[in-house]
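Just passing along the structure, written as structure tokens.
Read from first to last, the chains carry the letters A, B and C; within each, the first residue is number 1.
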């Protein structure tokens, strides 16, 4: 199984939890200790076991287009994170 | 260009074409239909856009869309259709896109009839849709003026990024008389810098009439009001006849103004000191010129083909300095010069009585 | 998540599409308007149409759609987007013109405009978001509301004897000769969302090829006005809307099959 991870824009997320419902690995949770500027508890990857496969189902259902999905490249490696969108999510 | 015998509606259509109208969207309604029919033939010949819409509501919103692309666009209709277009007209005004609308006025209210009327004066001058604005309104009194004002309408619309209405009555639309058409103007080669064309190597552009905060909406309104002030300063148009020594001033526009002119000529032949003032712009109302005349006359008679609508603008200018009387016919009845002359004589007599009764 | 760092060997396989503005939207949490926006933006990106697309936004919850897309855009009067789009398209026939409309906008006040745009075979693409309710004004009955559906203007449930049955716009518009592609999809789960994306891609390709009118109806959720959680709302689409609004292709002109 490929290894992956997701980055959820903490300011754009409205905590609707749809990504949590569809995640086959059950590695997304609502971060109830955090409130963003719009007063939502955002979702985040909670994957200590490294189970995320980067399947992108969470991104497909996300109504706020705030999930970036990363995955081990199948062929070539070493593509870094360059987009400003991605950097803001780290 | 030679003078030729032209029907008003056809002349307006052909003038629009020569002014460089690139897109026309309209819906048939008497008494403006020949205008649409002429463009149905001519626009495709020239590779321009003609589309008969499913309703006046659709037509005005097609005009709005086309105008958003910086395309020179127009529609035409008559009272009931103009009523349906009110919403779209307001959006156009609220978006600052230029557009030209021709209203060939017919008798109302309701379905009324298809006969000439000036019953849309309030509708076209006061707001033409919800919100605070006035379109520029031009009122031709002959086929030649219909041609000239149609050309002018496009210039004013683009100069001020504003809605311009040519308010012709059914008589102007339906009559035939000799007139001269201008030569064909070249089409614009460049789109304005606000036009929607696709965000190709430039930031995106948005055209809307939404201002969600009260402050932003007020700012926009103030901008519109500043523009209307500039329009009032620059664009008042009117003609005068025998006003220098006039004691009674007849005020009429469009066909009513033309009929009143014949009556004034007849009154002069009878030795009455009567002049004529004919507004050519209904908005801005030509208050500067009218105000000067009113300062030297003893009375006014407003002649309209309605129950008395422009009379309110005349009264505002007169501001109680002189009595303002009214003579009008409604429902599509076109007054004849003799009845206007009778009204002039009556007004003249009562004015004399007033001045006799007044203390020296 | 601030403490997390991405291992460098990972590659970005999905991110926000470029045709969407990098901005916050006014949609409620879990509202599938956001999904519909994202799919349209992805389709525009994938077909390379961003620099020649003009979006016509509606009145309704999507009234600010032009702010959410990085596209030239304009804002139509309620229901008039197809007429406005017609004006844009006729003036600029080589541009891609898209209307984005809700069910109140398209099926109620704008029923005439959409019908005639389809009838004329107007070469525009319509994204029709059907959530069976008026969202922006606070959950009133729409022509698309389901029989018995409780809304703020049908508090005892939609009485079909009084207010008629749901209007099926895809079925209706598919009857028009001018319609080249009319399809209904749903946004209630990832598999259906992927199918919806494909349909939007097809609709845009239909317009690019000049084949006629194209529309994709998207069954969507309105958690706030349905008074359900986002997740329950998606299930509500599946349970209650799908039987009334069957998914499928309602019109696929022969030329569309060759695309």
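Rule of thumb we're sticking to: a contact is a pair of C-beta atoms (placed from the backbone, for glycine too) under 8 Å apart; a residue touches a chain by one contact, two chains touch by 3 or more.
The model shown is predicted, which means the values in this text are computed figures rather than measured ones.
J.: In graph terms, with chains as vertices and touches as edges, which category applies: line, ring, star, complete, or other?
T.: Line.
J.: Hey, which chain ends up farthest from chain A, C-alpha centres compared?
T.: Of all the other chains, the one whose centre lies farthest from chain A is B.
J.: Using only alpha carbons, which chain's centroid is the nearest to the whole structure's centroid?
T.: C
J.: Cα centroid separation between chain A and chain B, in whole Å?
T.: It comes to 61 Å between the two C-alpha centres.
J.: Rounded to a whole Å, what is the gap between the Cα centroids of chain A and chain C?
T.: Result: the chain centres lie 26 Å from each other.
J.: For chain B and chain C, what's the span in angstrom between their mean Cα positions?
T.: 41
J.: Among the residues of chain B, which ones contact at least 2 other chains?
T.: Touching at least two other chains: none.
J.: Applying the document's contact rule, which stretches of chain C touch chain B when the two form their complex?
T.: By the definition above, chain C touches chain B via 50-54, 56-57, 63-64, 66-67, 69-77, 80, 83-92, 95-96, 112-113, 115-116.
J.: Residue numbers of chain C touching chain A in their complex, please.
T.: Against chain A, chain C makes touches at 1-2, 4-17, 20, 22, 24-25, 27-35, 37-38, 41, 189-190, 193-194, 223, 229-231, 234.
J.: Can you tell me which positions in chain A touch chain C when the two form their complex?
T.: Chain A residues touching chain C: 3-5, 7-8, 10-12, 14-18, 21-22, 31, 38, 40, 44-45, 54, 56-57, 59-73, 77-81, 83, 85-86, 89-90.
J.: Applying the document's contact rule, which stretches of chain B touch chain C when the two form their complex?
T.: 22-23, 25, 49, 51, 53-55, 57-59, 61-69, 71, 73, 87-88, 91, 95, 196-201, 204-210
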